[in-house]
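Note that chain A is present in both complexes that follow, paired respectively with chain B and with chain C.
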Partner chain A sequence: MPDTLIFGMEVFLNGLMAGVLYALVALGFVLIYKASGIFNYSQGVLALFAALTLVGIMDGQVPFSHMINAVFGTDIHHFGWQVPAVFAILLTMVVMVVLAWAVQRLIFRHLIGQEPIILFMATIGLAYFLEGLGDIIWGSDIKKLDVGLPQGINASIDELTYQWFGYGFFIDNLDIWATAIAVILVAVLVAFSQYTKQGRAMRAVADDHQAALSVGISLNFIWIMVWSVAGFVALVAGIMWGTKSGVQFSLSLIALKALPVLMLGGFTSIPGAIVGGLIIGVGEKLFEFLVGPLVGGATENWFAYVLALIFLVFRPQGLFGEKIIERV
Partner chain B sequence: MLDTTKDTPVQAETLLEVNNIEVIYNHVILVLKGVSLRVPKGGITALLGGNGAGKTTTLKAVSNLLRSERGEVTKGSVSYRGERVQDLDPAELVKRGVIQVMEGRHCFEHLTVEENLMTGAYTRSDRSEVAADLDMVYEYFPRLKERRRSQAGYTSGGEQQMVAIGRALMSRPETILLDEPSMGLAPQLVEQIFGIVKSLNEDQGYTFLLAEQNTNVALRFAHYGYILESGRVVMDGPAKDLRENPDVKEFYLGMSDEGRKSFRDVRSYRRRKRWLS
Partner chain C sequence: MIYREAGEFKTSYVDDGQTFPIRFDRLGYYVTLAVAFLVIPFMVNDYWVNAIFLPFLIYAIAAIGLNILVGYCGQVSLGTGGFMAVGAYSVYKLMTAFPDINIFFHVIIAGAITAAVGVLFGLPSLRIKGFYLAVATLAAQFFLVWLFNRVPWFYNYSASGQISAPERTVFGIPVTGAETQPWAVYLFCLVFLVGSALIARNLTRGSTGRRWMAIRDMDIAAEIIGVNPLTAKLTAFAASSFFVGVAGALFFAVYLGAVEVGEAFGISKSFLVLFMIIIGGLGSIFGSFAGAAFLVLLPVALKVVGADMFGWPTDTVAHLQLVIVGALIVTFLVLEPHGLAQLWRVTKEKLRLWPFPH
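Moving on to the complex of A and B:
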């Protein structure tokens, strides 16, 4: 087998797994957009905030410690305990639900019936607010996140591929875990929205707010629920990305990578977010591998956006976007 | 549950009472200027009038869907079974037995017909009875049973109206506020829908408050009617009397003693049209 093909396969596999991580972020967008028609610019910051909170709780950081030290002249940083990962994740989830409630209560409840652009601008404001809030509570230094997920090269795949091709593939354990978790997450989300009463209500709200109100569905409740779920997805994405590259401000920029994923997959489709993520992940890795050397590399920075542009021109609703049902 | 008093519904217990309400949209646009009406238990009460007369707004003021459209009841009161209900959530009103079927049907397009119906039971938790009610709805609308797995967005206008009414029935209501069920439907379908409304009223004892532009059909099926014009009730009475009223005949039913009117009479038409002002 030619070397290029074998390398290409490794690149392809790595691309798939990178794609899963993009898809995780895109999922959060899709959930909120579907249920409330809000394009949530703050989804990336939500992931950052979730990861910061998780690290803070795990390390026993004192919240607002910088502020407290500045005001009272004290010098406290940590409580001096460590919280087990599972417990910390649960606590973070509680924080995300409270955040969802606050966002709904303080912002979107007052904006019912407003134009989409106004709701969008509100989420921009929310993004900057959350970014600042995260800094104030937990500090702005780069943090290491380790919830116990295995990292580094997967030895058995390395060995197996070495036996087959005479060349061991480098597949990161973390990526394998991320893929498995993403698959479970999506299965649970789909089952929830298809087969439960609240899931059905969520889809009903997505279709027609007024009609949902008229049958007695509380928009407030559904939206808090949706923001909580989006917060949960953000937490999962935050854990994966945070473990990979540290918890820092740039984590919130993964949201930008999710945009092309959404344009490919469609803003309203959960499977679309997954497939879109995979296509972008594989596409950009393969493109870099095959075409990159010819144009001097660094194609990963723009490949996704060019692909998204092409989609915008030829298939604006994305691959799986809901067709707008229009009766004549 | 047969209601024997339905021919003289005025004597029946009043379920819903709207007392001199004023509605303002966006803090500036005055839409209702003092509307009062009573809906007796077990009757079909019709709310008639042209475009923009305030029929829909009246219904929404009752079901409390106004707030999501930045509308507000600024004067007067709405009470159901003698209790003031105008500050309640729509959901709370649904639990008390008042549900609105909105104008233009408003089905959940991407949900199947059956899922649409099931959303109507959102406020209920009695599973076995919900299933029984679903069968009841399918009995009244056999067409929906055939199409239960289709996406509601791809069903016909008549089927969507059936879905909307069926969905409301699933909440096991006492009073149904039915907004413009004839909109955009062929005359034959309109008859069919009204026929079902009538049998729901007679067999199951549902009370209806019906907003309708199609005066002719509405007055044939309703017991009592109110005529709205630019935010005011200009006339009310038993449906039978309204049908006989010469003004109603001329302006709403398109019949006249002198035959077709010539263009010259248009001015007097406009003057006469404002009965009360």
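Moving on to the complex of A and C:
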């Protein structure tokens, strides 16, 4: 078998894995968009904030220590204890729920009935706010996140492919775990929205706010719930990306990776987010592998966008999006 | 008492259609112009020009440009940074290729080139609407920055990959390069800002502007009453990109002097200009000025208060700035979605009636 093809296959597999991670972030977008019509730009920062909080709680950091030290001239950093990963994740989840409540109570309750674009800009403001807040509470240095997920090359795949092709594929254990977790997460989300009372209420709200209100569904509650679920998805994405490349500012930029995924898959479709993520992940890795060397590399920054743009010209609502019907 | 329409009798259509129908406004406008052109140049020093005036003038041009697209035509664009980069690299190529032509024309041609690029990236807006379009403009942002980073022809094969502005003069006085005088660069940018504001104001209150606003308010209805969405959207993209390109050219050639594209024209620049027009007021030329002034002054003020007065570490102040800007955006959207310009309008209404409440 020619070398290019074998390398291409490895790139393809790695692209699939990367695509799963993009899809994870895109899921959070879709959830909020479906339930409230808010296009939530702050999803990436939400993931960063969740990961920062998780690391902070696990290491027993003192919140606002930087600020306190600066104002009072003290020198405090850590409480001096370590919190087990499971408890820390639960505590972080509590923080995310409180955050969801605050976001709903302080921002979006006042913006009901505003144009979608205003809501979108509000989430950009929220993104800036959270980014600064996360840095002020936990400090802006790069942190290591280790919740006990395996990392490094998967030895058995390496061996197996070596026997088949005479070349061992490099597949990261973490990526395999991420894929498994993403699959479980999607299954849980689908089950939740199909079979539980709250899930059905959520879908009702997504369909028609006023009709949902009239049958006694509390919009307030549903929106807080949706933001909490989005916070949970952000936490999972934050754990994955944080374990992979450290918890730092660039984590929030994964939102920018998720946007073309959304455009491709459609803003309103959970399967669309998954399929879109896979297409983008594979597409950009293969493009970089095949065409990148010819044009100077680093095409990953824009390829996804241009792909999505060209795609949208032919199908403006994305792959699985609801048909856009316009009325005067 | 003095802010009144009463007693002003318009006797011609020209009088009736003027930009500032109230005498007091007109007076204020002329006084502001006179101060900006005749007083400030004699008072500024290097710090004031570089920290406040130049960024304000240049961002105000960019904000006017973006406001035409977002505020008047309703097409949300997140590609401002990329278009500013087009302006910057165009002016750089023009300056190095045709050193004999006055830089004044280079800047204008750079704006025209950006307008062409803007039309190209505006084409999908005919099919794609709303959020999809906002995200699609990010394609312009990332692709253009990548292009200027990777294709050596754009930066004249310089080893560092940076571009730096050679010295160019207007009437024998250097406005770019290392030997500039603060008043000269100030005046150079001011001329462009005043020109841009005049053109933009007159575009937006003419038939072109009314077409843009019809598209913004409801594009299908506009199409039915005979507004051609193709020309309306593309002229908005062209006009907007022209001003943004001029701003980018000035930002590089006059303000920074040397530029690394990813750093100077990254996505954060797109958001910054977008925030300016949100805080200032969508669909208002005055709002572009107010927003630019606000977001240029805010970091300076925070630095003076936080770092210099209280002695906080600069990184904490920078984070605090993010928090404050974010909170301000949200507050503005909740309390006054039409921005500073609306506050100004309300104030004027009150002034007109003063001292009576109704």
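The working rule: the second predicted complex is superposed on the first by the 323 of 328 C-alpha atoms of A that agree within 3 Å, B and C clash if a C-alpha of one lies under 4 Å from a C-alpha of the other, contacts with A are read in each partner's own complex, and residues count from 1 in each chain.
Everything below uses one rule, namely that a contact is a pair of C-beta atoms (placed from the backbone, for glycine too) under 8 Å apart; a residue touches a chain by one contact, two chains touch by 3 or more.
Just so it is clear, the structure is predicted and the values come from calculations on it, not from any experiment.
**Student:** Both complexes share chain A, so when I overlay them there, do chain B and chain C fit or clash?
**Tutor:** Aligned on chain A, chain C fits beside chain B.
**Student:** With both complexes overlaid on chain A, does A:Ala127 touch chain B (first), chain C (second), both or neither?
**Tutor:** second
**Student:** Once the structures are superposed on A, label A:Pro150 by its partner contacts, choosing first (chain B), second (chain C), both or neither.
**Tutor:** Neither: A:Pro150 stays clear of chain B and chain C.
**Student:** Just to be sure I read the superposition right, which of the two partners does A:Ser214 touch: chain B = first, chain C = second, or both, or neither?
**Tutor:** Once the two structures are laid over each other on A, A:Ser214 reaches chain B alone.
**Student:** Please work out whether A:Phe267 is in contact with chain B alone, chain C alone, both, or neither, and reply first, second, both or neither.
**Tutor:** After superposition on chain A, A:Phe267 lies in contact with chain C alone.
**Student:** After the superposition on A, what does A:Ala204 contact: first (chain B), second (chain C), both or neither?
**Tutor:** Touch partner of A:Ala204: chain B, not chain C.
**Student:** Determine, under the contact definition given at the top, whether A:Val295 touches first (chain B), second (chain C), both, or neither.
**Tutor:** After superposition on chain A, A:Val295 lies in contact with chain C alone.
**Student:** If you take every C-alpha pair with one atom in chain B and one in chain C, what is the shortest distance in Å after superposing?
**Tutor:** So the smallest C-alpha gap separating chain B from chain C comes to 14 Å.
**Student:** Indicate the residue numbers of chain A shared between its chain B interface and its chain C interface, in ascending order.
**Tutor:** Of chain A, residues 327 contact chain B in one complex and chain C in the other.
**Student:** Please give the residue numbers of chain A that touch chain B in the complex, ascending.
**Tutor:** 112-113, 197, 200-201, 203-204, 206-219, 322, 325, 327
**Student:** For the complex, give me every residue of chain C touching chain A.
**Tutor:** Touching chain A from chain C are residues 76, 124, 127-132, 134-136, 138-139, 142-143, 145-146, 149-151, 218, 220-221, 224, 267, 271, 274-275, 278, 310-313, 315-316, 319-330, 333-334, 337.
**Student:** Over in the complex, which chain A residues touch chain C? Could you list them?
**Tutor:** Per the stated touch rule, the residues are 39, 66-67, 70-71, 107, 110-111, 114, 116-118, 120-122, 124-133, 135-136, 140, 256, 259-260, 262-263, 267, 295-299, 301-302, 305-306, 308-309, 312-313, 316-318, 324, 326-328.
**Student:** Which residues of chain B touch chain A in their complex?
**Tutor:** Result: residues 63, 65, 68-70, 89-91, 93-95, 99-102, 106-111, 115-116, 118-120, 122-123, 151, 153-154, 157, 167-168, 171 of chain B touch chain A.
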